[in-house]
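Below are two complexes that have chain A in common, paired first with chain B and then with chain C.
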Partner chain A sequence: MSERAQLLLPIADDELVLGWRNSEWTGIAPFLEEDVAFSSIAQNEIGHARALYQLVADELGTTADALAFDRSPEEYQCSRFVELLLVPDWARTIARHWLYEQADAQRIELLKASGDPEVAGLAAKIDREEAYHRMHAQMWHERLADEPRYLEALEELRPLVDERGDHTSEFAALWEEMTMVRRSVAGATW
Partner chain B sequence: MTEAQVWEALAEIPDPEIPVISLVDLGVVRDVEVGDGRVRVEFTPTFLGCPALEVMRDAMAAKVRELGAEPDVAVISDDSWSTDRITPEGREKLRAAGLAPPAPRQPGGPRLIQLRKGAFRCPYCGSTDTTLENIFGPTPCRSLRYCRGCKQPFEQFKTI
Partner chain C sequence: MGAPDRFVRSGVNVYEVFRQERKGQAFQHAGSVAAPDSAFAEAYAREQYGRRGESVALWVVPRDSVLEIDEFVDELQKNYHRVDGYPLKEKLKEARERAGTAAPADR
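== the complex of A and B ==
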């Protein structure tokens, strides 16, 4: 596997899977504004995954769809952190959102400094969109700052942020659902 | 066929989600090259999660075919598009349609405090007494604000 694939696939997988998890709030967030916000963030994250997969696909001679949906569960390199099924727990959802955006910001900074101009250019574009996710996460982090359930959630989830390796038990069901269209309709694309 | 004719034809394509403004007004067409029965169009996406990207790409290809040339629409996912590329005419069209145009980019990018306290103008009554309702809106490129002057909610094009 190429250097670019090794670098970008774990990140693309994180964005795809977290985007999927975020979209699970569509229709059931605590209030309408958050329904809109989580749906929009999910759409952005999946868009970022797609652009990252595309850069890898160009090099490997495959497609973004094939990378996103045709791999077996064990081939995905996302962190266990993004796999966790947190609906309907809002405190843990916001804790993950805030922790992820913090960690993702550092990772994007590294990509922006990449010697590969296509990677650096895409990272700079992603970063400008992510600025809005970070604002949203920070707003909630401050709003829940003295809420014990939120502080417990931060403590619980903080050590898991970059934990990779075996998938969580929740991942199998996510993979089943996420790849269902592609597995049942030959040639389906984004 | 000249490059100017291609630009003119592309300027007739409305944005799929905000049809008051054309793709040229939106600043997503980066370059046009004409040669030997082919037209190459370089196109930069707005927001990466925008579902209108394929629609834009296909509309540009169809337009080039109408002109009698073979299209080659290249999608460039680098950092070259920003809301500062929306033309002055495009900004005015957005405002007239009730969508506040994006604020100019600042060094260091947008900050929550600016979105909350900044002087964002209501596209309906012109008041700057407006508040942030939601950073996110119906499409990735929009936020929701409320005007205390005319008591109207309105959409604000996000600065990126």
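== the complex of A and C ==
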């Protein structure tokens, strides 16, 4: 696998899996406006994953959908952090959201400085959307700053941010659900 | 305007959102968002009224700041203050013809 693919795949997998996890709040977020906002963030993350997979797919002679849905669970390189099933715990969900946006911002800065113009260009585009995610995460972070449950969640999750390697026990069920359509209808597109 | 008060939870304020579709156009009421403070109101207004390229600008105003006037006393039926039944269109057309000017194109 090329250097570019090795660099981008873990990031794409993070965005896809976190987008998936965040989308589990759709319909049950604490209130309507937040439901719309958080669902939209989830959708953006999946959009970022798609664009990153596309860059990798062009190089490997495959498609973004194949990379997103046709690999076996072991082949995904997302962090254990994004795999955690946090519904219905909003405090931990926001703690992960805020910690992820912090770490992701640093990663995007590195990609923007890449010598590969396609990677740098895509990173700049992604960053313009992430600015709103960071704004959203930050306002919640400030809002919950005195809330013990939130502070505990930050403490608990902070060490896990970039933990990679074996998948968590809840990843199997996520993969099952996420790849179900592709596995049941070979070559399905939408 | 927007969400009825009975739906408003404690600690949450209603913000009225006005959107401008194109530069130079008047802002129009778009709807409202419930939010705990103006930072949240901004985020939610962007999300609901600006994400699809449907606005070039938004005004987000706490509902409490809107001065609503809904009583217009007219005890003596002073209908000469009104313009109903006063056909302005024809007179305007004639005046324009006399002056030799065309109607503004974008009306």
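Following the convention adopted for this analysis, the second predicted complex is superposed on the first by the 189 of 190 C-alpha atoms of A that agree within 3 Å, B and C clash if a C-alpha of one lies under 4 Å from a C-alpha of the other, contacts with A are read in each partner's own complex, and residues count from 1 in each chain.
Quick note on the criterion: a contact is a pair of C-beta atoms (placed from the backbone, for glycine too) under 8 Å apart; a residue touches a chain by one contact, two chains touch by 3 or more.
Predicted, not measured: the structure shown is a model, and the values here were computed from it.
**Q** Based on the superposed arrangement around chain A, label chain B with chain C as either clash or fit.
**A** Partners clash after overlay.
**Q** After superposition on the shared chain, which partner residues are touched by A:Ala51: those of chain B (first), chain C (second), both, or neither?
**A** Touch status of A:Ala51: first partner only.
**Q** Once the shared chain is lined up, is A:Arg143 touching chain B (first), chain C (second), both, or neither of them?
**A** In the superposition, A:Arg143 contacts chain C only.
**Q** Let me test your reading of the model: by the given contact rule, A:Phe31 touches which partner, first (chain B), second (chain C), both or neither?
**A** second
**Q** Of the two partner chains, chain B (first) and chain C (second), which one does A:Leu110 touch, if any: first, second, both, or neither?
**A** neither
**Q** Go through the superposed model and pick first if A:Ser40 touches only chain B, second if only chain C, both, or neither.
**A** both
**Q** Quick check for you: in the superposed arrangement, does A:Met180 touch first (chain B), second (chain C), both or neither?
**A** After superposing on A, A:Met180 lies clear of both chain B and chain C.
**Q** Which one hits more chain A residues, chain B or chain C?
**A** Comparing chain B with chain C, the partner touching more chain A residues is B.
**Q** Of the two partner chains, chain B (first) and chain C (second), which one does A:Val87 touch, if any: first, second, both, or neither?
**A** In the superposed model, A:Val87 contacts neither chain B nor chain C.
**Q** Pick out the stretch of chain B that clashes with chain C after the overlay, from 27-35, 81-89 or 117-125.
**A** Residues of chain B that run into chain C: 117-125.
**Q** Both chain B and chain C contact which residues of chain A?
**A** Correct list for chain A: 33, 36-37, 40, 132, 135-136, 139.
**Q** Help me check something: in the complex, which residues belonging to chain B touch chain A?
**A** Chain B reaches chain A through residues 47-51, 77-82, 109-112, 115, 133-140, 144, 158, 160.
**Q** Which of the residues in chain A come into contact with chain B in the complex?
**A** Its residues touching chain B are 33, 36-37, 39-41, 43-48, 50-51, 54-55, 117-118, 121-122, 124-126, 128-129, 131-132, 135-136, 138-139.
**Q** Which residues of chain C touch chain A once you look at their complex with the stated criterion?
**A** For this pair, the touching residues of chain C are 9, 12, 33-37, 39-40, 43-44, 46-48, 51.
**Q** Quick one: which bits of chain A touch chain C in the complex? Just the residue numbers, please.
**A** Against chain C, the touching part of chain A is residues 31-34, 36-37, 40, 132, 135-136, 139, 142-143.
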